[in-house]
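Common to both upcoming complexes is chain A, partnered first by chain B, then by chain C.
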Partner chain A sequence: MKAFLEKDRLIPFLNTLSRQIEVIAPLATEAGAVYSTWQGQPLDLRSNPLSPPTEFLLPHKETLFRYIQESGRYTFKEDSIPPRLLFAIRPCDLHAIALLDRIFGSEPSDQAYFRRRRATSLVVLNCTNRGDECFCACLGAGPEAQDPCDLEITDIGDGYLCQAETPAGVLILQAAFNLLQPAQLEHDQEKARRLQLVEDAMPRDRSYHQIRQAIERADWVALGQECLGCGGCSFVCPVCHCFNILDRGVPDGERLRCRDSCILSGFSRLTGGANPRRTAGQRLRHWYQDKFEDLPKITGLPGCVGCGRCHLVCPAPIDRSDLKVESREAKI
Partner chain B sequence: MEKVHTTCVYCGCGCGLFLHVEGGSIVGASPSPAHPMSRGRLCIKGWLAGDFVGHPERLSYPLLRQGDRMVRATWDEALSLAAAKLESIRKEFGPHSLGVLTSAKGTNEENYLLMKLARAALKTNNVDHVARLCHAPTVAALGSALGSGAMTGSFSSLQNSDAILIVGSNTTEQHPLAASYILHAKSRGAKLIVADPRRTRLAELADLWLSPRPGTDVVWINALLNVIVEQDLVDRQFIEKRTTGFEETAEAARAYTPGQAEQISGIAAPDLARAAELFGAADRAAIVYAMGVTQHAQGTDIVQALANLALATGNMGREGTGIYPLRGHQNVQGACDMGALPTVYCGYQSISSPAVRAKFEDAWKAPLPEEPGLTALEMLWAAEAGSLKAMIIVGENPALSFPDSYRVLKALKSLEFLLACDIFPTETTALADILLPAACFAEKEGTFTSTERRVQRVRKAVEPPGEAKAEWEWISELMRRLGHQADYPSPASIMAEIASLTPSYGGIGYERLAAGGLQWPCPSIDHPGTSILHTDRFPQGRARLRPVLYDEPPEMPDADYPFILNTGRSLYHFHTGTMTRRTSLLDREVPTPFVEINSEDARLMGIREGNRVRVETRRGSINAEARLMDALPRGNLFLPIHFSEAPANALTAQAIDPLSKIAELKVSAARLHKVIS
Partner chain C sequence: MSEYTPMQAEIADIDIESPNTYLITLKLLDETTDFRYLPGQFVMISVFGLGECPISIASSPTRRSLQLCIRRAGKVTNAIMDCLVGDVVGIRGPYGNGFPLHRMMRDVVIAGGGSGFATLRSLINYISDRREMFGKVAIAYGARTSQDLYFMQEYKSWQRAGMEVAVTVDIGDELWKGNVGLVTGLIDRFDLNPGSAAICGPPVMINAVARKLMERGFHLSDIYVSMERHMKCGVGKCEHCTIGPYHTCQDGPVFSYDQVREVI
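After this line comes the complex of A and B, so read on.
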């Protein structure tokens, strides 16, 4: 099902949706764009927020259950999961979600992940304004959505072409039916034209194979010396999904699942104290190895969607796709 | 989910971050892309900054001591009792028997109010904070040399440096975002000179690494100045136009020949010559330093020696130049700015100036004490001696963070009355008579001032646990109970008062503090703030060079105690670990206390990696796990300060810098034993 939404009807459209479900959207703030609950705040649909929307499926920290002790017996309580609609996520992040679905869906499937995943509707905004560091087209992740979502929208100038892909997507459109107009053939043509422009402007030198070659060539000792060990590349990567589990509180408390990063040495340290990835360079190499060697073998997809966030968030002068220490003209 | 933009709570870099809030608790954090300093980047501590906030061990109710037990009380009971106790001690022993330690973790507003409470309500200038043990020498030396004791440039200015001299700062671990600027400057071609006894990450990357013997900095810095003068790499025009004291300083430095420097500091003469060339020949050179410079019995002199170097080469007041003291706590700059110091009011206005005192008496409607107060350590020693009877200690853990802990504990125990306020139980709160639960940075409004003088908002993301309250609320209430007016509806109203009394904060108001804050001096509401200080003139007109002479550290290794013990921090922990040891990923990185030992020394003593060893000084001993390091010179030990089960400060020397009253924390004579277990 296709429809056209004029730009000045976007806010009423979101208002209609947010009366039914919590809408998460990219909000404009004084400190940059963030995905957050929309309650009428200004939107930022031009930039892809630095912190990816995958946190709504795999939170930085989530309570798996609470444990309560009473007369020596424990009872366990799970919090309910709020239904949510992720609005205007980018195709790269959608591709990451497709990958997370495969990772967490392999048997035994991860219940905590799928409880949130099932409660979440996905509305993807195709990319008509790419960021400076983006290279999704090199990895088959964009600029047009390549993976299943509920509703796909594209900015075609005066409005958005909306395409429902699932029954949930149809319901989303039906909920705001009076705000929509029928889609025309020109809308499709304009969409194709705009996405082609973005794709043509995309760098071509960061393909899966090129990055794999860079991994082989890279001077990991030199890169490790620059790496500040912040873990930021893991924390902004929409594909990164490793976690740690801990119990907090005695006798009552909660079992927490928290995001983790293989950039940290404690992640790979063995019980006896030895560490197979002792140096920062080895850990950084492993981070790439997992995305470009191991995950492709296991899931059939590269573990990178070309969003460029790891480059933006890295405090070190490291080019995160050439895998070189940056030189004079580099970013600051 | 809501995302609340705020300022990081750890080091002085002042990074911007969002706290992710869901169901009334913090579920994550992420960097703010538009922040002018951190620009979408954070260190590992920043990424995990919200983690400790909801920890079950948070203090949630006021507690009163009843014998050995602490019992729950209401705020009303606790504050009534506090007011009564402070009043009666003041009546009996005079205002000099009272002392206040404020918190470098607290907001500007809270530091200002506590400073006001001490002076206007308790009538004492005995107010200080942990800056005494970090950058008191910076405030003293740069204050007198340049007229302002703060970082002269902004981090972003380092992008334009041609050479950066980094002294006594393990920047990649202690100030990672500052290191980010340094690494980027290097990648653009800036030369790095690192002076540190330890071969730190930056030392490895540097164009030149100087490894001085701990405590000998005056020698090599003077010798460096000497070589620079001899080779005529000084900036004559700058010296003549903008400074005084160059001739006598250069004359004094002449006595420090490279040969002599090599003998005392261990830095080879050719290395010093190379440093002179790299630093002296650079068009724009900057000096970055931290605790390795200040935490010495000669701390003020070492800072002055660095200032001499910058001034003689004209590296001041321009992009890419200047002096960059890296401050350790996120608001230690603000606590100093707010006058939580025994000799100045906010904005470094001297209490000994009758005109200044009259201004504050007028504004606060109270007579103010004239006599300078005691510094942090002096207060504790006065408590030990019995002349100081009561203390208010807010958000600080001197029992672990101050030198010579056994003596500090004894001093705290000898107090008649201790009011402590904190977010977690600590070694210090265990001794309190009244313990008040504080709201942490994520639970209150206010401002922090970063090491680059950036005044930034701190915002409330979640409610404090139980009955915990922001300090400004109970400090106002305590002031009222002590008979002093304090009607502040919000922290913004406190900032309005600060702005009215503090020229450098004159133009700062909450409505102006967007994501990037404002850098002081910001004297008026239309002033954009100041990125680089001293561009045309120094506050006192000309900058002052001053000759400095080397004094040997008070305690050098000998036959009984053959090692030099150095103390510091780890990347993964902060201060006494109250927050980071409750952050699971940080605690996992470094779960146990360790001491770094040179690998060769360890081999000769039969110590393997991970063995338990005992470190002893004349003041105490601790046990820790051995970490073998090639990066540490022979004869040196390095011990982090975070661990209560191995308190580094049980070992540290108590020698005091006469000028700034900082303690010698970097050089203690120590010995080492393998623990047979």
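After this line comes the complex of A and C, so read on.
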């Protein structure tokens, strides 16, 4: 099902949705675009937020269950998960969600993840403007949505072309039916023209195979010396999903799942102190190898979606896709 | 409830194996639970409020009780060792692949170092109870001092089951009349045909034993190593225990030596 939504009707459209479900959208803030609950705040649909929307599926901190002790025995309770709609996520992040679905869906599947995933509707905004570090087309993740979502929207100048991809997507459109107009053939043509422009502007030198070659060639000792080990790259990566499990509270409390990062020095350290990845260079190399060697073996897809966030956030003079040490000035 | 919600188990018995190591026997509170496992698998054990850690199963599935051998090492193991009989802990699992028993049904060398011997006890007792399915079996075990030797009261029963048992310590003392030296020294004495092997211990010991066995004609892919890695989830999601494309918690902890020799 297709429909056309004029730009000045976007806010009424979101108002209609937010009356039914919590809407998470990229809000304009002083710190740039940030995904957060929309309650009428101004939107920023031009830039892709630095913090990816996957944090609403794998939060920085979530309660796996609560334990309640009585006479030395425990009962367990899970919190309920509220339904949510992620609005205007980008095709690269959608591709990351498809990857996370495969990772968390591999046997035994992770129900703590899928409880959130099933309660989340996805509305994708196709990319008609490209960020400076984006290379999604090299990895088959964009600029047009390549993976299943509920509703796909594309900015075609004076409005948005909306395409429902699932029954849930049709229901979203039906809920705001009086705001929509029928889609025309010209709308489709304009969408194709705009997406082609973005695709043509993409760099061509960052394909899966090219980055794999860069991993082989890279001087990991030199890169390790520059890496600050802050883990920033892995906290903004939409595919990164490392986590830690820990308890809080005695005798009653909660078992938490918190995000973790394989870039951090203690990540793989054993109780006795032995550490299979001792140096920053080994850890950085592992980060890349996981995405370009290991995840493809497990999921069938590259573990990178070309969003460029790791390069944007990295404070070290490292070119995160060519895997070379940069001059310090280049980064500033 | 998700995979992460544990079952509750009562500590039914505590045996002291060494000053800092206890063998605890667990009884699941829900007795209807069908808890089946293989030698070499592990569980995630938790003390509520302090957290979870992976511990290999030290008992054999051929016997009734579920036992874990726990050494004081970190926050959770300390808390477990401070528990009393009757206290409740959480367990989930069993996880991991376990030893490939069907490929080991011939002459077997079992080599353990330090606390790595706990997971091998499961295999040894399994073989002991299914003795006719295996060939000659030789066990080589080394610990730091005679105080640190686990399961001493069981060596006799293993020998009665027709298994060769050789034990050594790194540091001897006046009370110790046995061997002093490396586990590899014990293997030299075994009269065995090349067959399969199970090793668990510190990395240096694993490599030394594997090299020794290869000299004796054992094939790389017949030498099975139980690997230790930091783990959090046990179900192949948290990425703490990765070894290349493998998750130690799901694809391991038992690997053939040719799979992991480069990372030991």
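FYI, the second predicted complex is superposed on the first by the 330 of 332 C-alpha atoms of A that agree within 3 Å, B and C clash if a C-alpha of one lies under 4 Å from a C-alpha of the other, contacts with A are read in each partner's own complex, and residues count from 1 in each chain.
Everything below uses one rule, namely that a residue touches a chain if its C-beta (ideal position, glycine included) is under 8 Å from a C-beta of that chain, and two chains touch if they have at least 3 such contacts.
Note that the structure is predicted; figures quoted are calculated from it, not measured.
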item	value
Partner chain in contact with A:Asp260 - chain B first, chain C second, else both or neither	both
First, second, both or neither for A:Gly229, with chain B first and chain C second	first
Partner chain(s) touched by A:Ser51 [first = chain B, second = chain C, both, neither]	first
Which superposed partner A:Thr271 touches (first chain B, second chain C, both, neither)	second
Which of chain B and chain C A:Glu78 touches, first, second, both or neither	second
Which of chain B and chain C A:Asn244 touches, first, second, both or neither	both
Which of chain B and chain C A:His60 touches, first, second, both or neither	first
Shared contact residues on chain A - chain B and chain C	244, 246, 248-249, 253, 260
Chain B to chain A touching residues, read off their complex	1-3, 5, 16, 18, 20, 22-23, 26-35, 40-44, 46-47, 51, 55-56, 159, 172, 176-177, 179-181, 183-184, 186-189, 201, 204-205, 514-515, 571, 584-585, 588-589, 609-610
Chain B partner contacts - residues on chain A that touch it in the complex	24, 27, 29-37, 49-51, 55-56, 59-62, 79, 225-226, 228-232, 235-236, 244, 246, 248-249, 253, 258-261, 264-266, 273, 312-317, 325-328, 330-332
In the complex with chain A, residue positions of chain C that touch it	1-5, 8, 29, 46, 48-53, 73-74, 77, 86-88, 90, 203, 228-230, 232-233, 235-245, 263
Complex contact set, residues of chain A against chain C	64-65, 67, 69, 72-74, 76, 78, 103-104, 106, 108, 110-113, 115, 241-251, 253, 255, 257, 260, 262, 267-272, 274, 276, 286, 289-290, 293-294, 297-298
